[in-house]
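Each structure below is given as structure tokens.
After this come two complexes, each holding chain A, first together with chain B and then together with chain C.
Right, the complex of A and B next:
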């Protein structure tokens, strides 16, 4: 199964070969810098032109990289920085994740100017939003590309710091408190991760995943280090029972930041965890079963909390905990289950990840719009909202179709694959978790809608939502919905040479 | 020759209307009406073209891959076309009716948007060529009918909506499990490839029986089989056109249609018989028929009485298919159409009494025949058809059911038939008696609960003409049963395909 990660590819250490991948990594940083200097919401013509040029460059680089991979299989690069050597690689999966990152980040960045202008006003340290978003995107891309533990660590740290920075931006007391708590957790997670890395380095003297996969032998050292690495990562991924920090963080953060965080940041840690398990302990069935059981508990507990939430943003935040549970269920079906089950679960897991990212980002943006237009942050406050049929409510609904996992959404197709894998592997409790998760998510989503259909409520004072905020929420929601029908396209990427299950 | 565009265009007529309706302003009454009627007419035309083509021996297919081994498939066969024809015809009538019914009421944009989506789902259900595609539209139907059920927005409607969702989403989930399990077992089963399951041999029979029961459970919720019928009477709080559509073609029929597909096109009648499942179906149908009739008898209000009558009548379809032999099949299939025509008529009339005279209870109907003769004639036709008197369509259904019972050597089914006809008479004839023979407000005795004068005729023309049209169709389907393209002719065509290998 390790070949699906595309790690065993001949390295090229020519600088010219790595130009494309460097461009892919650098462009978000540059865009962040440019936007901080010429802020889009004030001097938009200048920044728009430069940003568009940079964006075109970045997308072109990604496109060329994609063509290389689709034609010649996985690519790998050795970046030498003095005594340090960084291993990078890209295969179909990397491409899928890079693409996803670009789409979600761009949509939330495009949402941001109108949001900052109308909701935030002049308060807060808004100029910092752009460079921090750039750093976040670059660090995520680094995580997707990394082929060794050092790069992974760098990516993880950068990502965590950028995320903390983004959380602190509103500058209010509760935002500071939540941000500092998040920082503390991220540091604890990093510490565990670092210890794991140190153990591995001590044991086998190397950090590249391909090498470790060949050398590492089962034994206490390996198990302890994997346990440490996983604990750190699962804490950062808000996996049950290490999830409690997630909701408070979202309730005070800016909407586009929440969207980015729920859609991508938690996924970064999950991706690393999958990768490490596949490389280091591909046969650890019992341990994976335990992770799956945690996933099942997350699905249920997150669902219940979302259902019970009083505030709209909390509903969305707890639903992230529940949805991450699905990913952990998929994870447990990958390890030690045999090639046919793993192949189905592999596709189901990544599809679930993509569908959830798009749907959750769309949902957060739509929620932000609903709160903005009605001035109500409570679920009850939405009473009668559907009379005006605001577009955001529709976006919220479309995104929630994917979260519940009803057809034709990406969430549905992913659930289909996961169910398929669970049935084939005979993991019957997983079926119950998937079923209850579906019902719970329907319960928390339709609770919101139930209020919106109340007819004898007091009329709300609506503020007009700027069109760009409506538009990008809708685009993301629609993308998550249609992903289910065109699921074969992203999955074809996974099967590109050098990554096929 | 395969023409993929025709089934797609049929779906598109109602699906593409949805975003257009949502983007029109609430006040654009004329445009919306023209759009609705135009699309409905176009769809009738397209379905007629497909019926014509099918008789000429053309085949229509459209498919693409969702994920490996799972296809989205549209496939036109006689059974599907029967359902599509019913849905397109009744959509046209109900659209006209709904325009009249909802005049000057709030939220019409929301209503018609979801109304179109609901019809699009029924078309999808009709044209679906495999269980995956069927499931896709089956769930979409749940989603699109929820806003219609809670349309009124008062507490009772919202509670009914919640109950509705609890039943249907759970049912859909159970169905999903069955379908996925079948996929794991044999892969994609295209409707009509009956030999696939039959070829599995006796070893698989136990598992196949279990899967059949699971899927029956999922479908039975929408088909309102006792004891899964609890949502239906409560959903009566929806506006009259919604109840009409829900009972005649959309939700209840979708469930019944799914059972027909399951028995004839997935398992095949031979295998179902072999597994002993037909007896089970017959028992369930008998219980539902008698229970529904008895409960209908106890209702004091018109709409709940009609609701329980639906529970009873839809199970005639199930009874028909459970009678092994061509006559039973013809009876079940033809009743699929006939019940739709007659029940929709009854609901239109009930809506007319409520709108024009404010009548909800049966004992308020005294002498209404004199005040609203056209509506009352239509109601009489529908009621007599339900009882099974010639020459209304219901007679044909019951005649074939009786013959099917003899052919299948299940004479006891005739007793059920007679008993239920007596019960039908017992709950419809008193209503007719009140309508025509008792003296009421129009004879100067008492007052109508809430009389309005909605039009130049007895009530608004928008409300009368659909009722008259469907009543006329119910009569013609009985009188002209032997003519080509009549429901009976179509049902015979389907049956011939089923029993000739």
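Right, the complex of A and C next:
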């Protein structure tokens, strides 16, 4: 299974070969800087031209990288900094995640100018939004590309600090308090990760994942280090018993930041956890079963709390906890199961990750539009909204098709694959969790709709939502739906040479 | 390096960390923390990691200390008005029962770590022993305290413990990789502390009244 990660590739240490990857990493940073310097609200012609030029450059680099991978199989680079060597690699899965990151961040960044102008006004530290988004994109890309623990550590820390910074931007009391709690928790999570890395380095004297996969032997050292690594990562990924920080963080953050966080940041830690388990303890069936049970509990508990939530943003945040549970179910089907089960679960897990990212980002943006338009943050405040805002409600609905897992969405295909894998592995409780989770997500989505279709509500004063805010919410929601219709494309990427399950 | 000096250094680190984490007066606690960072730098120097010693002095003692004092809003010692003094005291009282209960998770982690380290053969030096002590102490303090500044201090102490263990395990085999990890960790700890300190100060300004009220309530009960 480790070959699906594309780690065993001949490393090239020619600087010219790594130029494309460096471009992919640098362009988001540059774009963030440009947007902070020439703010899009004020001087949009200048920033628009420069940003478009940079964007073209970045996409071109990504396209060339994709062509290289699809033609010649996975690529790997050795970045030498004096005596230190960083291992980077890219295969089909990396490519899929890179694309996903770019799409979601771009949509969230492009949603921001209209949002800041009309909703936030002058408050908060607005100039920091785009640079921090750029840092977040770069650090996530670094995590997807990393082939050694040092790069992973750097990426994880950068991502955590950028995410905390983004949460603090509104500058209000609740945002600062939630951000402080998030900061402490992110720091503790990274300490656990570092301690685990220290034990691995002490035990086998190397940090590259391919080397560790060959050398690491089962024993107390390996188990303790994997336990520490997983504890830190699952805390950051808001896995079930460690999820309590997620909802308060979202309820006070700006909408585009919430979208970015729920769609990508928690996925970064999950990806690292999967990768480390596949590399270090591919046979730990009992432990993986435990993680899967946590996932099942997350699906149910998150669903129930989303259903009971009073605030609109809390519904969406708790639904994130529930949907991350599906990822953990997929995780447990990857470790210690037979190759056929693992192959199906592999595709199901990554498809669920992609579908949830797109759907959840779209849903958060649509929710932001609903709150903006009605001025109400409670679910009950939506009464009568169906008469005035069909487009925002439509985006919300399309995104929820994928979250519930109705055909033909990406969420449906992913859950179908996971169901298939669970059935084949004989993990029967997982089937119950999948079925109940679907019912619960239908329940919390339809609760929102029930309120918005109340006809005899007294008319509120609605604000017109700027077109760009409607547009980007709709684009992301549609993308999650389309992902189901063209599920062959992401699966094709996963099966690219050097990465096929 | 004679063994008793090693033991003395490890002991000094743990003792200074204890003072930093348990002193009820926050300004003094921060001052103890700076002394602790200097003792860590001395330890690095004594085992031959000169660069880490310099970095620890610069990042750990100087900059982190500056941010900690900034969080307490200290400019001049003498002219501080009386109202500020209340904020410099930790308002949450310590009790024995609470302290013992919060010791359990720290002990669990320490035992787990000891089992793993026992399997990685090697004679326990000052780095290993001191590191274990600092991790246990920091975890306990982190679980025990509610005050945000104390939690930042505890985080820094745990982090230092991990760096010490890391370099003890690496020895002179993979010094480059170890240095890479520790330098990244030091930078992250500094950034985290800076962000936390700025946040504490902003929170204090927004919510100063409530914190003062809690302090007053604590004093009238005592």
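Note that the second predicted complex is superposed on the first by the 500 of 501 C-alpha atoms of A that agree within 3 Å, B and C clash if a C-alpha of one lies under 4 Å from a C-alpha of the other, contacts with A are read in each partner's own complex, and residues count from 1 in each chain.
By definition in this document, a contact is a pair of C-beta atoms (placed from the backbone, for glycine too) under 8 Å apart; a residue touches a chain by one contact, two chains touch by 3 or more.
All values reported here derive from a predicted model rather than from experimental measurement.
*Asks:* I'd like to know which partner A:2 touches here: chain B for first, chain C for second, both or neither.
*Replies:* The answer is neither, since A:2 touches no partner chain.
*Asks:* Let me test your reading of the model: by the given contact rule, A:408 touches which partner, first (chain B), second (chain C), both or neither?
*Replies:* first
*Asks:* Would you check which partner chain A:488 touches, where first means chain B only, second means chain C only, and both and neither mean what they say?
*Replies:* first
*Asks:* Once the structures are superposed on A, label A:206 by its partner contacts, choosing first (chain B), second (chain C), both or neither.
*Replies:* second
*Asks:* With both complexes overlaid on chain A, does A:190 touch chain B (first), chain C (second), both or neither?
*Replies:* second
*Asks:* For A:456 in the superposed arrangement: first (chain B), second (chain C), both or neither?
*Replies:* In the superposition, A:456 contacts chain B only.
*Asks:* Just chain B (first), just chain C (second), both, or neither: which does A:304 touch?
*Replies:* A:304: touches no partner chain.
*Asks:* Which chain A residues lie in the overlap of the chain B contact set and the chain C contact set?
*Replies:* Comparing the two interfaces on chain A, one with chain B and one with chain C, no residues are shared.
*Asks:* Taking the touch rule as given, give the residues of chain B at its contact with chain A in the complex, in rising order.
*Replies:* Those in contact with chain A are residues 22, 26, 64-68, 70, 72, 106-107, 109-110, 135-137, 139-140, 142-143, 146-147, 150-154, 157-158, 161-162, 165, 169-170, 172-173, 176-177, 180-181, 183-184.
*Asks:* With touch defined as at the start, can you tell me which chain A residues reach chain C in the complex?
*Replies:* The contact residues of chain A facing chain C are 82-84, 150, 153-154, 157, 161, 164-165, 168, 171, 173, 176-177, 179-180, 183-184, 187-188, 190-191, 194-195, 197-199, 201-203, 205-207, 219-221, 223-225, 227.
*Asks:* Which bits of chain A are touching chain B when the two form their complex?
*Replies:* 347, 351, 384, 386-387, 389, 394, 401, 406-408, 412-413, 416-417, 419-420, 423-424, 431, 435, 438-439, 442, 446, 449-450, 453-456, 484-485, 487-488, 491
*Asks:* Can you check the complex and tell me which residues of chain C touch chain A?
*Replies:* So the residues of chain C touching chain A come out as 112-113, 115-120, 135, 142, 148, 151-152, 155, 158-159, 162, 165-166, 169-170, 173-181, 184-185, 188-189, 191-192, 195-196, 199-200, 202-203, 206-207.
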